[in-house]
Each structure stands twice: as C-alpha cells, then as structure tokens.
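One structure below.
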Amino acid sequence: MTTRSISSSGLYRAIQSRRNRGLGGLYIVVVAFLLLYVWLFPGIVSIGGFSKFTQNWFPLALVTMAQALLMLNGGITLSVGPLVSLGAVIAATSMGGFAGTWGGIAAVAAIGLGIGAITGIIVAHLRLPAIIVTLAGSFIITGIALLILPRPGGFIPGWFSDLLAGNTPVAFCLLLVAIAGWKLFMATPAGLGMYAAGENPVGAFRSGVSVERVKVAAFAISGLLAALAGLFVAAQTGSGDPLIGNPFTLNSIAAAVLGGVGFLGGKGTMRGAICGSLLLSVMINVMFFLGFPPVAQYVAQGLIIVGAVAIPELTAQRRKK
Amino acid sequence: MNPVSTAVRGLFRSPPLLTFLLVALVWLVASLTLRGFGAYGHLRYLLELSAVIGIVAAGQTLVIIMGGIDLSVGAIITVTAILLPLISPAADPSGIVGIALALAIATGIGLLNGAGAAYLRVPPIIMTLAMATFLQGLLVMVAGGSAVSVTNASVIWLGQARPLGIPAGVILWIVVAISVLLILHRTPMGSRFLALGANPVAARLSGISITRNTLVLYALSGFFSGVAGILILGMNRQGYVGIGDPYLLTSIAAVVLGGTSILGGRGTYAGTIPGAILLVTTTALITIVNASPGWRSIMFGSLILALLLISGREARR
Amino acid sequence: MISSMPLLEARGISKGFFGNPVLKGISISLQPGRVHALLGENGAGKSTLINLLSGALQPDGGEIAVDGKAVSRFNPGAARAAGVAVVQQELSLASELSIAENVGLGAYPRRFGLVDYKALAEQVKTVCDMVGLTEALDTPVGDLSLGRRQMVEIAKALFLKPRVLILDEPTSSLSAHEAGILSALILKLRDQGIALLYISHRLNEVRALCSHVTVLKDGVVTADQPLAGVDAEGLVKLMVGRDPGDLFPTWEAVLPGEERISVTGLSAGMVRDIDFSARAGEIVGIGGLVGQGQEDFLLGLYGALPGSVKTARLCERDGLFSDVGAANAAGLAYVPADRKKEGLVLPHSIATNLLMPSLGKLTKNGFRDRGAEKNTVLQLASRLMIKGDTGRPVQALSGGNQQKVALAKWLPLDPSVLLLNDPTRGVDIETKREIYLMLRGFAAEGKLVILLSSDTPELVHLCDRVLVFRDGRTVAALQRAEITEEAIVGAAMGLTSREAA
Amino acid sequence: AANCVKGDRKAPFTIGWANIYSVPTWMKQTEGTITAEVEELKKTGQVKDLMITDAQGNAQTQIQHIQSMIDANVDAIVVIAGSSNALDRVIADACDKGIAIVNFDSLVNTDKVTAKINTDSSQWGATAAKWMVDQLGGKGKIIIMNGPAGISVSDDRRKGAQPVLDANPGLQVITETNTDYNVAPAQEAMTSLLFANPEIDGVLSLGGALSAGSVMAFDRQGREQVPTTGENARQFLELWKEKGLKGWATMQPNWLGAFSVYTAVQALEGKDVKPKITVPLPVIDDSNVDSYLARADKFPADGYIYSDYDKALFDKLLAQ
C-alpha cells in the first residue's frame, strides 16, 4: 500500500505532474517535429522566425482551448469557426470607425462572451444537445458576419497589427497569458467544478456544484476565446473576412482529440489539447520544408495524425503486456 | 388516466414521430403559403434529395449510436462517384459489376476506419478525419482529380428512373431504411451496437466484442456512403471532386435532429428519416425566400433551432 | 431516552416517479448523538428518502425541517448550509480529479478566490486519516478500487464537518477491515453529538451501531422504534413482515466432479504467478483486503485482462481466453462488482440488459425471436423477484434490484463456471437468501462457482474452500473445516500465512 | 525594374506556388499549366525548382505556407489568394524581402506585389448582364445565380452586373441564389426556384458550374430552356449544344497560372512588369462554341475548355 509521501504544501504540484500521465507519447512526437523543424529551418530560433511561427500557431491554439474547454465540460461546439470570423469582422469594422482600437477590442470581447453565454443558456437551461445548437448557431453567426461585412475588407490600425503580428513574439506571450489564465481558472472552485460536472454531472450537482451555471460559464469563456482568436486574425491579416474562420471548427476538434480530450466530458487535459494544436501547426511547416508535393501532404497529414495517436497507444499497450 | 391521453403523451415522447409530425406541419404550412411548394413534383424532388442524405445518414446513425462518428462519409461518396465510371468494365453492359466494385471499395475504406479505431485505438473522429484527408490525396492523384461522365446503365437508371411514378432513389432509400431498421431493432447485432454505445465496458464483459462490432459498423457506414455516392452519380450523371462534401454535416445533423444522442447508446433510424427530410425541406424553403445571403443563413439557423426546441428536448436529470 | 430537538426531519413527505408513488407520507426525525437505522427491502424507497433529505430531489408533498423549522426550497446548497452531508449509494466522484480535489469539491478552502491547495491538503489529510485512507492525496480517483472510492466518498462527507451525516449502504463494497474502521468512526461521531442516519442490508452492523430504527415498506413507515431489545430476527421480521428463516442454506458437501479450471503461473494485472485449480460442484471463495488482486484474478480467467500462464486448462480448452466471447462460449460467466460501470447498460431497459449475453442464442432465421426473448425475461424476472415492468430503464431500479439484473442476465446461457465479484453487494436480506440458495443449487448441479466477496460471513457459510489474497498472491488456502472469520481476516492482514494449494 | 524584385537573384530560380486548394478541377487544370510552364523554363535553365503547397481551402494555412516560402527564400511566389485581404501582410513581407510576387485569379488588396494578373470580374458581370438584356429585349423575369457569399470574386461579378440591371428596369430580378461553384447544389437550388416561379425568362448565372446545374434543373423538371449565361465549363458548353439553348459564356483562362510563372521569371530577369495586367475576357457564343467543343476531348469531363496559349500571347499581354 502506498504511503502518503506528498507533503501538504506540494499537493498542487503533485497533482499537476500526475496530469502529464499518458501524454508522454504526444510530447515525444511534438518535440520530434519541433527538432526536425529546427534542423530544416534553423532561422526559427531567431526572434523573427520564432515570432512568425508562433503567430501562425496562435489562433489555432486559442480556438483549441475554446473547444477543449467545452469538451472537458461534456459539450462541444461547432460554432468556433464562425465566431472567429465574427470576431475578425467586428474588429475590422469597429476599429477604423466609431469605436477606435480599444473600443473595438472591447466590442469583440463583449460579443464573444455574449454569444457564448446565450448558447450556454440555451444548452443548459433548455436541455438541448450542444452539437446541434452550435450547428444552428454557426449558421446564425455566419449570417451576422455576412451582414456586417458582406465581403472581405475593413480596417485595422497598422500599429495594432504590428504590435500583435509584427516581428516580436507578442502572440506567444499572449498565449502564455491565456494558459496562465486557464491555470488560474482551474485553480478556482468553479474550474474544478466544471471538470467534475463534465464527467459526473449528477455527482457534481449533489456535491453542491451548480452544474447549469458552470456550463453557461464554460460556453461564455469559450466564446470569448474564439472571438479573441478572431481579433488576432484580424490583426494578423490587417482586415476582416466573414468566412476566414470556418476551417477552425474541425481543426479545433481534431487538435483537442489529438491531445487526448474525450467526447464524454471530464477526460483529458488542456495541455494535451494545446500540444495537439501545436502538432497540427508545425506539421504544415515541416512538410513544406521537406518539399512534399500536395498529394504527399494530404497522405502524410493523414498518417501523422493517426500515428500520433496510435503509436503512443500501441507502445503503452505493449509495455503493459 | 384515459388511454387516449396516454397514447397522445406517448406520441409526444417519441422523437421520431414528433419529427414526422413536424415535417408534415412544415410541408402543410409551406404549401399553403408558398406558391409551387406543395406541388407533387416538388415534394417528390425533395424526397429524392432526402434519399441521398437519408442513405448516408443510415451508416452515420449506426456509427453514432455506437458512440462513434464518421467524418469520412463525404470523402467516400466522392471517391465512389469518381471511381465508378473508371472501374466499370466496358464488357458488362448492365453495369452491375462496376457497382459491385465501387461498393467493395467503399466498404473497404470503411473497414479501414474500423480497423484504425479497433486495433490502433485511434478515436473514431481522428481516424475518419485522417481518412478523409488521405482520400483527398488519393483523389488528387487518381485521374488528376477530375471526373468522367457516367455511362453505367444501372447507375443512370437509378438516378433517372421512376417506376410507378416513384423515383428509383426513393425506392432505394425505402429498402435501405427497412434494412437498417431491421438490423437495429430486430437483430442481435443492433442490440449489440446500442449496448456498446451506452456502456462499452459492460457490453464487453457481457461477451460483446468491441473489435468485431467496430469493424462491422464502419464497414457498414462505408457501404452506405458508397450507395449514396452511386445514387448521386446517377442523379448528376457526372461526379466531381467535392460532390460528397455537403453530406458530411447534413448526415450528422439529420441523425441528431432525429433524436439520436451524439454520445451514443440511444436513438433510432426512424428518427433520422424525418430528420433528413426536415433538413432538405428547410434548405428548399430558405432558397425560395428572397433575402440577402446573411439573412438566409440566419433564418436557416433559427429555423433549425426552433424545430429543435419542439422535438429535441433532452431528458431531465 | 430524552428526545432533544431533531436536527433534520421529514414531515409527511411523498414522492413518486412518473406517477408511481414511491414514498407516501413518510416522517422521520434525526436526533443529535444518535445513529438512526433506515431499513427496507430493495426498492423500498430508502435512497429516495435520502435524496429528499439531502435536497437532491424535491418532494411532491410534505416538508423538510431543519432545527424544527420547515425549509421551503431544500436543494443541495440549502442542505449543505444546514450541515447535512450524504454518503451516496451511487458514487458522486469525478475519476480524473485527485482524491483531494474530490473530497473538497463544493467546499474548497479559498485564498484570493483560488482553491487554497495548502489548506485543502491539510484538511483533506485530517478526514482521510479518520477513515483510514492512506493513498497519496494527488492520486486520481479513477485509479482506486471501488472500496477505496467508497472511503473517499465518506471522507468527502466528513470534509463538510456535518451536523447530520447520512450514509447509504456505506459498507456494501468495503472489506471487513475497512468496515471496522468505519464503525469506530461512526460511534465517535455519534459521541460528538452528530445525528447519523444509517442504511445497510447487513443487519449485524445495524445492531452494533444503531439505537433507533425506521422501517420502510411499500412506501410507508411500518416501524419507528428504539432498537434495544430487538434481535436480528426481529429486524428481519420488521422488514419483511414475517418470520425469517435461516439466511444461509444448509448443504452437504458433495464429491467434487471433473476439473474445470487449472492454471499454473497465472499473472494478470497485479496478480503474480498463481497456481489454481477447481472442480465442478465446488464453491471456491476468494477473500482478502480489498484490492489485493482478487478482481484481476477473475478477469484473467475470464479473458478480459491480458495475462500470461505457464499452463492453463479452462473448461477443456488449453490456454487463456483471448476475449470474453470465447470465455462465454466455453461456459464462463462473470458478474462484476461495479454494476453501474461494468455490469449494466443503465439507460437501457431491464429486458435488454437481461438479454444482453444471450442475444445470439434467442434468434429465429437470424432475427431476434421476440417470443423466446419475452419468455426468457419473464422467467428471469420471476426467478429473481424483479418486480414491475421490464421495459423500464434499469437505472430506475433501486441498487439491489440492479444487482439482481446483473446476475440474472447470465442464467439463460447456463454457464458451467460462474465468476462472481461481490454478487450480493447492496442486496436485501430476502434476496440474499435467494441468491445463496441459488449458488448452492448451482454447485449441486455440478457448476463451479468462484465467489469473490467482501462479506466475510458469506465466505464462511457458503464456500467449500477459501483462497485469501494479499499483494497479488494467494497467502492462504483454507479447507472447509478451517474456514472461520478469524482465519480469513487473519490471513488477509498477514497475521498468519499458509502455503497456497 | 519590377515591383518588389530586389537583390541579386540569379537564374535558375526557385518558384513557390501557393495554392489555396488543389482539389477542384479548375485548380487541377491551372496547376497543370503551371507545371508545364515550369518544365519549359527548366529547359531554358531559367527555373530550378517548383515548390507547391496546398492550403486545403484555409486562408490561415496559406499565410503559414507563404511565411515558410519567405523563410526558405524562394525567388518568386505565385499565388491565388484564399481571401482578398487576409494575405496582405504576409505578401507585403515577402515583397519587402525582394521576392517577386505574382498574384492571379483571386486577388489580394495590397499593391505590394510584382504583378496582379486577372480578367476583369466587374466586366464579366456587366457583359453577361448586357447579353441578357439583349436576349430578352430589355424585358422579362430573370434569376441570378451567384457563387458563395462572402467571396470577393462572386461579389465583384454581381456588382458589375448591377449598373446594367439598373439601366434596364424592364428586367425584373425575381430572386437570387448563392451556392458553391458546383453542379449539384446549383441544380438543387434552381429546382426549388423552378417550382416557386412558373415564369422565368432568363438565368443570369455568374460562373463556374452554376450554369450547368441550372440547365440540368430545367431539363429534369421538363421546363423549356431559357437564355443562360455561363463560363467555359465543358459540361455547360455540351449541354448548351445538346439542349439547343440560347447561351453565352466567357472564360477565366486556366493558363493564367502559366502566365503568372512566366511573368515572375521575366520580372526576376530584370524586365519591367506592369503591376496590374488585365487579361481580356473572350466571348463564347453560338458562333464559336463549336470550336471550343471540338477540343473538348482533351479536357476533363468536369473541367474547363480553355483557349490555346503560347509565349507570343504572354509577351503580347505583358507588352500591352
């Protein structure tokens, strides 16, 4: 029988390090790809190279967080992509006009939070399946984006674009901030309650967690993250585009599942999901530098994704035997 | 409690029936208010379109019931529609051989999905997504990614013929529907799918093989996607890259609108059938309305949400 | 006894599900410093009453009163505020969270709005020590055995420093040792002036701990009286309304038949290098502290856990089974301990669950044979006294009745080897008797029964021999005459050690 | 010298082809002209390597690809933009690095490119609408079929048609649709519209496979064909002949790809290249549709029958 070896002050750290369990395989795969990338393109270790690389990864990382958050709470969203578009469109139409840069940021954040919360209320209080509510939501949000900006355009102040997506690793720092925010959230009673409610809603309810409120909060935060990803995309591209976010929906789900987040709620970790998104992103660059033609890109992408899940799984099984 | 009110209550607690009623209601209101909507020809056409979604969603329903999901249905449809003209041997005037070959390929792809999920333990969503990407690559390679017009007699018949005034595609759908309903509710296999979807651990400890049933299921999903691919090919006379894309999300939406739980273990194809018709009808309605694309998109989303409010309540805790 | 002000009361409370009344005007009052027993057959409504007393369900009629004052909306929050804590029969834990995070859920100590992990660790450590949980506090609950999870559940209730503590069958998955710790704890809490409500189907526990009893039958209270002077038989009589017979059947040892199972060097999961053989007509008991590899041993034999052997002969087949289907085909059946997670498909109907293993057999032309299925279900339901409509989802059944379904579903396959993992967990006394009779009947028919049990008297009174596990190995093999509670517990604790046979 | 091109870039050059999506047939054919052109230029020793990327329809991925091309220091980037604005900044970055950028078909907003090559989308819409006015004598009910909403090209074509429609109020637009540039969705949408509208005098289809879908819808519902505009999609041209309808089409030539590569190399070699090159839109009508169909066999069934091209044509376009 194990004895209690953890001193009480180390509890948080001990819990955190346990949570890396099962992610070893994914970590190895991701690090291997990063090393391969550095070897293929040494310029990545410069400030500029690193900045550009992380800028391209950043929005995917954010939407993956938005998605994983909901999946951990036992939900899913098909409207992250359109929310990214809407965030970009609002940024591009408001910053140049009435609101100014800061007003634009506030508008994007407010809309993201608001739409997320409304979705959450519909899902939690009307007890409708999240997947189909967010599917319907994706059409509505796309429609709104198209009404605001029927074709790509709008304006983002140059200095703002340079600040977020220039030759400095600001995006990476923002990602660190987002991750720190997540860590903080997960150290609050609400964060842990969200996790518990994801896996065992009845148990969490009986333990005094207000399951509905937690779900609405999860949707709201998720909406905020997606809209902020849109804000960044607008800065990165210097404009808004009512369709630009669409591919993010499936990619965010793929990244989260790749990172070990399960569909049934309460299973998986945010760090895994972020690693999954990093793998999806670095894979594109590595394949480019390896000179893969499009056919090989498609085939290799399929194989890498399957392999990244299957190989750790198979080796773990072999070890067990 | 009197028997009539019990019956009415039972009816409202059955999602498939409720969805059917919704479809009937939407059709009635639309045909009274919109010119041309209720014409027999139009309804027949809507059914024909629904048949394609319904057949794709047949496999999707089974997979979702078992707790999985198949994101490769669109790609399998495209592959079937593009490969079929290429592999139909000229020596066979009936075209049956070509169809059989195409279905074998589609089933094989599904089987690969199942093998990945069962043996490599790759989550189905990842496995089928990767398979879709993989198939895209294959399409870029095969025939330069472009289609050949179909000359296969059976396929053309399937897409164009109307025995007794009913489109052949709809008849095919009826056959598929009956088979799937039988599989799901009248064979041991169907009960096993449901059990695996609701609690794989308990099912396995009761002697139900996860591996074998996963293989069978994804193979079935591949097969039905192949059937749908052939039907679309017949209706369009020509396949092209991307022809299957619209059917991925719609097949999932039809399943969920029909009351099947996305988490598995609960649901029936009887709900998916009206779910498919409902989706097609909604799309057709929105097409007729004269509004900007933004408003149309908003209307479509709101309509789905509204229909969901009527039919899709989840049980209270 | 001087009755003081009750801390928590139910006054004429009623509750039904979908129009079927379960509780009809029940009153119960919990006094400080008293352990109050709540008894009743499976499905009598005990858990439902507790859900009402803890705010998890809202009553259809009647009221809940705290300190003599009726509370209008009594939800889990209100219950907690009133100092009511519950150890649920159905575990309420999140398996990915650690022990500490589960214990504190809903009542975390905070610092700057964040969970204060330091304080949490200290407070959790205190309650874990009280219940004898020695695992590291950062262990994910999913890694623990059912029994240990039950202890976490108890720690979670204690964490709230309750004034009223309600325990719903807390010992049903505990070993004798763990149950002993819990008993001592309960008495200590009682002496501190806490009001306790205790539900159990183990009547000797009830008699040892409780001083007052309320009995539920058919939705009404049939007895509400002090326990003093009532013996075990009297208790049973209160519950079932007639004189009980003996709990355990008497039986004659028959000559064991041919060898059904014979393995050497079996390793699987945490089981190491076990030699074991058993014959038709035997009931072989498996005992020991919880989590010593007993379950892995059964799973290894069943082909559900990959393992290795030197030699194996199972039901006339060589080698271990590669999968469960093959084991079933050869005549093995397994009843898991965690019926919710491993035994049943909760949202599906009772009938579907009963038919699950035998689906392939009850067919006509490849289709399911509705008539045969219906007959089978009817037979099983009547044989195990599963009452009511078999079309209901099995999750609507009370815990004990769920257990019956998990066992009954195997009978149509007529297995020749039954691997049973705590088959009477949470089963009421009448049904227990029924199951015991059935098990001896199986042995008499020439079946082999391997019975893993945390209820030591079962091992003593039912088994032809008993193996005791410790740390993945067998540390004792007791023959019929040697089987006593002391011998089993002693071997389990490592006090005596005998070579395994 | 040409825009962007800087530094001592010497032949043979490395060219990056940043495709937005390689799977649609128009793209496949276009890529065919690019690789063919590169083979030619390899023979003359002007080009060393062609790097192809496929962003799978994701503008965000395309940004990443172009960034990688900058990192790999290619000499030229040929690009079809996945979004008319999204690539502006990364393309400006590439331009600042002295890489020759040639953008064709779907254009970016920024002017920091070596050359933008395209037909005039606005003129596309205007000419089609004029033809429709002529066909119907300025009076009648028409349906407009657009490409997907939110895409610049489909918006530009539609906007181009508007002044003509305004000038001819006799032409009544009953309704409009937006679908992907594919046969099946276009056919579906048109079929629903046919039931809702017993009177339709013309279909102003603004591109791709939309026209073929429309004609097939009329045919399957047994409605008489009406004047229909479109593009050089083989399927549409064949249906036009087969059903004997009144048709008009123009062409977005696939060889814009080959021409872009050619232009990039010219710029790298120090030639002056105009920043905006407009390729004239041809008109396909009853007088010359047969000459297109005569070559149909050389093109995929769901492909586009583009006109012949050669170096002389390219030089002429560059010199205009």
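For clarity, chains are labelled A, B, C and D in written order, and residue numbers in each chain start from 1.
In the analysis below, a residue touches a chain if its C-beta (ideal position, glycine included) is under 8 Å from a C-beta of that chain, and two chains touch if they have at least 3 such contacts.
A quick note: this is a predicted structure, and the numbers were derived from the prediction, not measured.
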Any chain in contact with chain C as well as chain D: A, B
Centroid comparison with chain D (C-alpha atoms), farthest chain: C
Geometric centre distance via CA averages, chain C-chain A, whole Å: 42
Chain A and chain D, separation of their C-alpha mean positions in angstrom: 35
Computed distance of Cα centres, chain C from chain B, in Å: 44
Whole-Å separation of chain centres (CA-atom averages), chain B against chain D: 34
Per-residue overlap in chain B, given as positions that touch at least 2 other chains: 136, 140, 293-294, 296-297
Multi-partner residues of chain A (at least 2 other chains): 145-146, 150, 202, 205, 294, 297-298
Residues of chain D whose C-beta touches two or more other chains: 22, 56, 149-150
Full enumeration of touching chain pairs: A-B, A-C, A-D, B-C, B-D
Residue ranges of chain B touching chain D (in the complex, touch as defined): 34-37, 39, 41-42, 45, 49, 136, 139-140, 143-149, 232, 235-243, 246, 283-284, 287-288, 290, 293-294, 296-297
Residue ranges of chain B touching chain C (in the complex, touch as defined): 1, 182, 186-188, 191-192, 194-195, 198-199, 201-209, 211, 265-266
Residues of chain D that touch chain A when the two form their complex: 19, 22, 51-54, 56-61, 63-65, 67-69, 71-72, 83-89, 109, 148-152, 155
Residues on chain A engaged by chain D in the complex (per definition of touch): 41, 43-44, 49, 52-53, 56, 59-60, 145-146, 150-154, 161, 165, 233, 236-244, 247-248, 251, 281, 284-285, 288-289, 291, 293-294, 297-298
Residues of chain A defined as touching chain C within the complex: 1-6, 8-9, 11-12, 14-15, 18, 184, 187-189, 192-193, 195-196, 198-200, 202-210, 266-268, 320-321
